[in-house]
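Sharing a structure below in structure tokens format, with a few things to ask.
By letter and in written order, the chains are A, B, C and D; residue numbering begins at 1 in each of them.
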Amino acid sequence: MSDKKRIYFSREEMFEMNRDRLLERGVTIEDIAIIAFRQQGKYNPDISLATCIESVEKILSYRDIFHIVQLGIEIDRLTEEGVFRSPIQDIMRADLGMFGIDEILGLNIASMYGVIGQTNFGDIDVNKPGIVKKLNDDGKGKQCHTFLDDIVGALAAAASTRVAQIMSEDEAKRDPHYTPIKLDLKD
Amino acid sequence: MSDKKRIYFSREEMFEMNRDRLLERGVTIEDIAIIAFRQQGKYNPDISLATCIESVEKILSYRDIFHIVQLGIEIDRLTEEGVFRSPIQDIMRADLGMFGIDEILGLNIASMYGVIGQTNFGDIDVNKPGIVKKLNDDGKGKQCHTFLDDIVGALAAAASTRVAQIMSEDEAKRDPHYTPIKLDLKD
Amino acid sequence: MSDKKRIYFSREEMFEMNRDRLLERGVTIEDIAIIAFRQQGKYNPDISLATCIESVEKILSYRDIFHIVQLGIEIDRLTEEGVFRSPIQDIMRADLGMFGIDEILGLNIASMYGVIGQTNFGDIDVNKPGIVKKLNDDGKGKQCHTFLDDIVGALAAAASTRVAQIMSEDEAKRDPHYTPIKLDLKD
Amino acid sequence: MSDKKRIYFSREEMFEMNRDRLLERGVTIEDIAIIAFRQQGKYNPDISLATCIESVEKILSYRDIFHIVQLGIEIDRLTEEGVFRSPIQDIMRADLGMFGIDEILGLNIASMYGVIGQTNFGDIDVNKPGIVKKLNDDGKGKQCHTFLDDIVGALAAAASTRVAQIMSEDEAKRDPHYTPIKLDLKD
């Protein structure tokens, strides 16, 4: 079990903490991967759900995304408990349409995969497939998912875009003029 | 006719120059307004096309948007003429999926109306309704609309969001506790 | 006194609530205006502090900015009270450099005034003048200003950029070819 | 020499094409690295110029950055040749302060390294050190560097942030509770 005062974590620890917090709030990695699978499936019929699951897991291990998932879920939980003061407590409890901080964080997650990630997030945020719709609906009752539905939609968009990039790079490599990297440019 | 060396323009002049350049490339204000009308119509059945047209006109008069419309259309035109050097000439002529500068400028137009504008742009950019699809298709032939289809989609998203904000503000004003502005806070 | 369940507010009410929350946390409107004054003063020696104060007040009345100021201050306060769970509680209490959600919200405030607003925010966030430095230093003790120092820096950047835009528009109007707006394009 | 119709390139090819175009416009990799070195040197006295040079080279090999460097330089060159039509030709030739598309592209490069990259870009864009100032000054004569000074500033900001991240991760690894990655999470 992690020491409470720690602020630095390994990639694996961040993945595990994110997976556990999401499960606590009713979201599985597969829920997220299915949205990515359906979004990319429109362009890439050869896509597999396993590749999407792998992308979601990779994305959940990044620090910037770890911070947003951890904080967003805590804000939703504390809103359910009524801990914030008015007026922001009531604005978040009501999931006010004009309140955009949840989308700001969602767009930031998606922007890890560039502008294509951001437009993919827009598509998911507007059309609300699968688990995004469920969270949005459940948030009208006792639960509060003001931040989580956007965060989950963004994780799906990021995974969708990551899969598309991997498949494009593979296609690029089949170009007869493509030359492999000679310099040491490992990330 | 405007003096060629001028770099400052009035809001009306910028609107007119944008309208004319768009017409030159086969796009009318109504083409753009129809996309906004259909996107917002899913949430606001009372919306009118006239309100959407008015929003498109307003948006076309802003300086930041004027610069993007003017430059984006010129880049497309010069790409048709083969003026850029390789490799960027070929990348833009092919409207490469992985080339994202067109979406960067589109997202920037849409961000004038906040994160909601950006997610609305994502929806339009992924699903390509109306004139956006037509430009995208025409761009596969002799014409080049690498930038224009994203710019037009973003103008539609911005107009859609502007209309939504106006309708929300009207709804807010009907709240019995709403008090009118007493200080001079005119923009 | 406002009804606790309200979620829509007038521009004047949002300005007042923001002013009051900032005072509660030790920040005056003048503290913010002074930073804008010094940043713009490098380009516009004719600038007045009164114009900067007026710009800060205007900016504090916008809904998107109201939401960020209200939520950011509440997050800092609840972090002081130790209400969040680990690890995010400890990350925010330590104002970890790699935690960027505070800058994300700051950049969003500044982006209301375009990319120039964002680069002005970058300058303030890196160089930490006046009240920004004070908050950053005080946050190392019992107080927590993880979000507030970025929010205040962003408000200053936005005000600085707004003043610059007003002064540029005035300069543009002096161009002999500038024609006044004939259509009704009032915001 | 590359085949003119190619649109996909290896990481090494993109690095070389970027390095060559920058040299063509009077900018060396070291010019850029020096700015990163000085910006990070304020926080990390142990930083080396070699690490900064290595970071600039890495950043110049990414596709999204490749597209912006290639297009930005072409736009500047064609502006020098007077190829664009008015009014955008005159606006870019004059490097109008209110024209922000150059900063939009710069911010996009910097955002590859998150919000910290963006604020570092703001600092460089406002304060204009080294080669950024030189390009900005030279652009007032026959040369046009409307886009290049922002692109170069952003490359420096990205490199500066990348170096900071590498040094932070090293610091994190020295935490006695840090556990190495067990799963296969290679990028």
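Note that in this section contacts are C-beta pairs under 8 Å (C-beta built on N, C-alpha and C of every residue); 3 or more make two chains touch, one makes a residue touch a chain.
Every value quoted in this text rests on a predicted model; they were computed, and no experiment measured them.
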Matching chain pair for B-C (criterion: over half of the contact pairs shared, by residue number), options A-C, B-D or A-D: A-D
Type of subunit A:subunit D copy interface by residue overlap (half), same or different: same
Mean-CA-position distance for subunit D and subunit C (Å): 27
Set of subunit B residues in contact with two or more other chains: 2, 6, 9, 64, 98, 100, 104, 108, 114-115
Complex contact set, residues of subunit B against subunit D: 2, 4-7, 9, 17, 63-64, 67-68, 70-71, 74-75, 78, 83-88, 90-92, 94, 96, 98-101, 104-105, 108
Subunit B contact footprint on subunit C (complex, rising order): 2-3, 6, 8-13, 15, 57-58, 61, 64, 108, 111, 114-115, 171-172, 175, 177-183, 185, 187
Subunit A partner contacts - residues on subunit B that touch it in the complex: 39, 97-98, 100, 103-104, 107, 114-116, 118-123, 125-127, 165, 168
